[in-house]
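Pasting the structures in now, so scroll down.
In the two assemblies presented below, chain A is common to both, partnered first by chain B and then by chain C.
Let's turn to the complex of A and B:
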């Protein structure tokens, strides 16, 4: 197993390196950049930004170097280069992730991400827990009582969840629970953001101070539900299918024939085996939670990494985009490794030599 | 004791009516009420999409700002949006765009996938390994972030969006077809075809691909639903179909700013997306059961 892990980690690193090269190549080809506005302004005689100034700005941002050199600088920094090429960057491998071009001018990307990451992690974590708590029990019940009313409702529900556009669902929830409820004098939820700026009053709950736990929970409620919907639908369906297949197996029949009560048959024998593929699928879909967070955070103006990605895409702020894509690539590669290892650990039939 | 001989000719012994394969599939499909309803809904939407230029009450880009946020009335059946454009006409044109992008992108992606899967499964060995590694690589790409980047680089227009969506959706078809081809490759009738001198290409196109049509059809149906949602998400974020061309997604762009003026603005486009995708999902599910070769009539 250790051998396998070592080999896997090595190939993971290579894949990551190649993806950063691919991402960098993609972004270099993209139009837009921090100096576009300046170049356009320099066409009128009055506001002319001289070519020397543009060159100076380019040098400051490191844009005067050819693309492959820029990639090396991004990765390893240029403070070890000599002469004209020398700059101040340390490079990603030594912890310098660059500065934002537009979203938060000249702020270090690392700082930006540090400030936003906890919010996204909270959102993703809560959604993950909610989805698991709902999907797996529902999937199990639905399989055990196949063709019952509950099963039918669950199946219809999962169709709805899979077909629902996430952003529209969010907008609808805002419409009903934030705006309409406020109009009707019912306790309402805030329309967006992570926490409020001023104290506000909610009928039924009293005054809410910004920054308190209650405030953050209220702001977290709708985004979590929206993000979880798709996964509740998908995972409950998968659990149901897996459970159904396991319940048809001979060893379940044997367990019943031995006289074990149904509950033990299900929980001790069927469930464990049914959950194996489910866990693998869940591990593989974790990066999707992050992608879903992009949509959810944008709809709810929730200041997290997803929203940061959206903002940097709309403003062509490539340093941030590169780092976030890099993090996403790491997430994907890690989750696939976690899925494989978990699969091997749980299923004793699988051996990685 | 002798059994009485029955006087029945050979024709009368054949009591089961022979049905064509299409008829069998249709009969099995008909059992799923929801799938049939979905089929009708989709046909209706296709009709709207095709006839849109002639049945739209107003041109979709006609601005009438003094009349913005109008409530539904006799002139504007669904009211107007923030620039005074008629919502019904924009929804109709949006049907055209969303269905066009969804269907064409899925068909394109699946065609590429069929081709890749067939070649990969049939020739095996290093071709298979290479193509499968490529497929795995594409599968591990984070879709939404990359979609956004690609649409900025390639300057999103309707056709570019189609190509981008197709390039991220061909992998499933490739895997499906490869599976079918791998299972068929060792069968005797393929060996017989070889022996009879059939060329590889003919074997692929006349044996392998038709046999994989069942899961592919299901894949196309379900994939169209997914593609429609992805296109709507892209357009909602502002990276897909650009205004003034309406797509269901971009009609929801920035709608939170206006939702207090006319809440229905936010409801209609999303409802269209939801119902359409739901229809494709139900139909795909019904098709999957109807086409399943393991069920015996």
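Let's turn to the complex of A and C:
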């Protein structure tokens, strides 16, 4: 196992390096940039942007340098270079993640990420836990009671959940639970955001102060439901399929033949083996704790990593995009390692040499 | 676990509960108020009026009796009256929702319209667009004019003349930290902007300034460079001030990275910065020492809601008091109209100074065919495009087709220039007049004998029999543009022109190497963002304008590779007379003297039709129904008078 871990670590580093090169190349090749459209932003003499203005701004952002040099500066910094190329950046490998170009002008990218990460962890963590708590029991039940009415309901529900467009479902929830419930005088939920910015009154709950736990929970409900539905749908299907396969195994039949009650057969013999692939899949979802959910956060105006990624992509703020994708690549590589190692730990038949 | 029957019963119960519960929503509990002075007073007054004065004593007695009876009645009435609603949260906080978050609060480097909405909260303006087509000031006593003598022309109006403008700052204006606003702050702002590392986006205005001098604490003198005969001398050359006392210890480059760019503190506006929660909101508190009246809120919060539907929902639910026009689209109008009818929102739809148009390439420099090199072909496009259908269907009739490149309510608009009502028969006649004919009967006309010379003398010719087929470019992801593209395509098909839609993302369309910047298009659609002043020199000048000495005053504005694609005359329109008129209109000081130039230019423009103006974009702003005091015009930012807003009780 030790040799395996060392080999995997080395290959991970190579994968990450190639990933950063590929991401950088794609972003450089993609049309558009932070200064595009400036010339056409106004026909007014007052706001006209000349070619000289654009060249000046390019120099400020470092866009006047060739692409390969910009990548080297991003990775290693430019404080070690000499002459005109010398600058103040230390590079990603020395903890300098760069500054935002447009989303938050000149702000450190890492500060932007830190400001949003806690919200994303709360949202994604809650959704994941809720999904696990619901999806796995439902999947088990659906497999044990295969072809029952509940199994059909769960199956149909999974298809609906998998097919449901997040942006539409989110808006529908807002329409019903925020607008209509308020119109009907029922307890209602806020339309979006992480927390309120002023006090509001909910029938039955009274006055809610902004920033309190109650306020945060109320704002979290709808986005959590939207995200959870997505995960529940897919994980319940995985669990059901895995469970069905295990239930057909000889050792399960043997366990029943030994006279064990069904509950023990399911939980002690079948479930543990059925969960192995499920754990693998869930482990690969862990990077989502960081990346957030772009659609959900945008629809609910939830200030998280997903929205930061969306804003930076739409505004061509490449420093932020590079860092988010880089960290995501690291997490995916680590999570696949975690999944493989967990697999080996859970299943003694698997051995890495 | 449960039997099937029990599951069915449970599901049925849940369904019934879901239907019953909304109907059983408890009404608000009535409050019993024992004393209600206003009601008693009313009763007494009524009694007195009904009784004659000489019988005063009797009146008193009767009044007393009446009072007693009235008390009883009051109790009864109170029981019958609709229950007093539960207490509302005190609305001392104004919430303004925008679709984007400002990149910075540092006005020098910001390029975003949403930043301006926020700017009006913590700063006041030296000069900004008013609700008409002019400018207003808050920080100055007035905008200087030649007529009033606070702007002076040295020498003759022309290349040798020089404008000297004196700005008088209002006394009694203080920064939020208590320091007075002085002329030094304006001068300092100019010096910062002139620094090559200031990060300023456009230097178009400040580069025309020769010098700026502080005469005294409240007087600033600006001297423009010789020959700059800018009719906007009053509003354009007063820079937005920066707090010198707070910032001059830093270099302009350091200011960009400083706390000032994230706080805008100190400002001089009605609100003081409180906090910026990145990605969520920026909040400001009331400036108790504001020099004007108001503000009428303790706090204002700018929230960021990128999704249009979510923004509307927040407005209707009352989470937002204002939804700014950057987030709302004209396609939201039907929903807003319904919501307004229910008393849930108010809204304002205004044709703004952003105008959509079709650029027509009449001098393609690549291997494109010059389909629109002749004005008859361009006029055919004009007559053949049903712009009224566009405004009726896409903009719900909230605006009318433009009859010129200048809005019809502008002082510079010429109502007598040629017009282009929808007339496909006329369009066909025009095409036929220059040799287009559909000989093969496929519905698309072909060119026959269609040739000419470009403005530089180069001959061009479209081979006989070539079908009139062009590409049309605009941006994807814009419902309005996608809809008008289809209308235009259908209209052109009716007159025999085949239009192939080639829509692309705006990052591609507007890229520096994109089809628009490098004039690689046949016809394309986009919008210009105009000032209140019509301007127009970089749009329509197609020849070098020389002075009497033969020196170039302004070069032709057709983008070409050899001049780094400078200029905005993407049509490649070359008309010497119109170019001269455009130059004169933008280099004559007095508005009354500019009007004839603009009028004459529009006559030529509408005859030649280098660009087909479509319509002014409708800006939609949503408001809470109890929010009053806002006034929105075609070019100003909605928060321009935020200190005058209030909630109607």
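The definition used in the following text is that the second predicted complex is superposed on the first by the 315 of 353 C-alpha atoms of A that agree within 3 Å, B and C clash if a C-alpha of one lies under 4 Å from a C-alpha of the other, contacts with A are read in each partner's own complex, and residues count from 1 in each chain.
By our rule, a residue touches a chain if its C-beta (ideal position, glycine included) is under 8 Å from a C-beta of that chain, and two chains touch if they have at least 3 such contacts.
No experiment lies behind these values; they were computed from the predicted model shown.
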Touching A:51 in the superposition: chain B (first), chain C (second), both, neither? second
Considering only touches as defined above, state whether A:93 meets chain B (first), chain C (second), both or neither. neither
Between chain B (first) and chain C (second), which, if any, makes contact with A:179: first, second, both or neither? both
Identify the partner contact of A:105: answer first if only chain B is touched, second if only chain C is, both if each is, neither if none is. second
Using the touch definition from the top, say if A:316 reaches chain B (first), chain C (second), both or neither. both
Dominant toucher of chain A (residue count), chain B or chain C: C
Based on the superposed arrangement, let me know which partner A:329 touches: chain B (first), chain C (second), both, or neither? first
Is A:29 touching anything from chain B or chain C once the two structures are fitted on A? First, second, both or neither. first
Thinking of the overlay built on chain A, is A:199 touched by chain B (first), by chain C (second), by both, or by neither? second
On the A-aligned overlay, A:171 touches which partner chain: chain B = first, chain C = second, or both, or neither? both
Find the residues of chain A that appear in the contact set with chain B and again in the contact set with chain C. 30-32, 167, 171, 174-175, 179, 191, 298-299, 310, 316
Chain C residues within the chain A interface of the complex: 4, 7, 21-22, 25, 27-28, 86-91, 93, 95, 101, 103-104, 106, 109-111, 196-197, 199, 201-205, 230, 232, 236, 256-257, 261-262, 277-281, 283, 299, 301, 303-307, 309-310, 313-314, 316-319, 505-508, 510-512, 514, 516-517, 526, 528-531, 533, 535-539, 564-566, 568, 586
Footprint of chain C on chain A - complex, ascending: 30-33, 35-54, 56-57, 60, 99-100, 102-107, 112, 115-116, 149-150, 167, 170-171, 174-175, 178-179, 182, 184-186, 188, 190-201, 203, 207, 298-301, 303-304, 307-308, 310-311, 316
Touching residues on chain B, where the partner in the complex is chain A: 140-146, 148-150, 152-153, 155, 225, 229, 232-233, 236-239, 249, 252, 255-256, 259-260, 263, 266-267, 269-270, 273-274, 277-278, 280-282, 285
Where on chain A is chain B touching in the complex? 15, 23, 26-27, 29-32, 159-160, 162-169, 171-172, 174-175, 179-180, 191, 287, 291, 294-295, 298-299, 309-310, 313-314, 316, 321, 324-325, 328-329, 331-333, 336
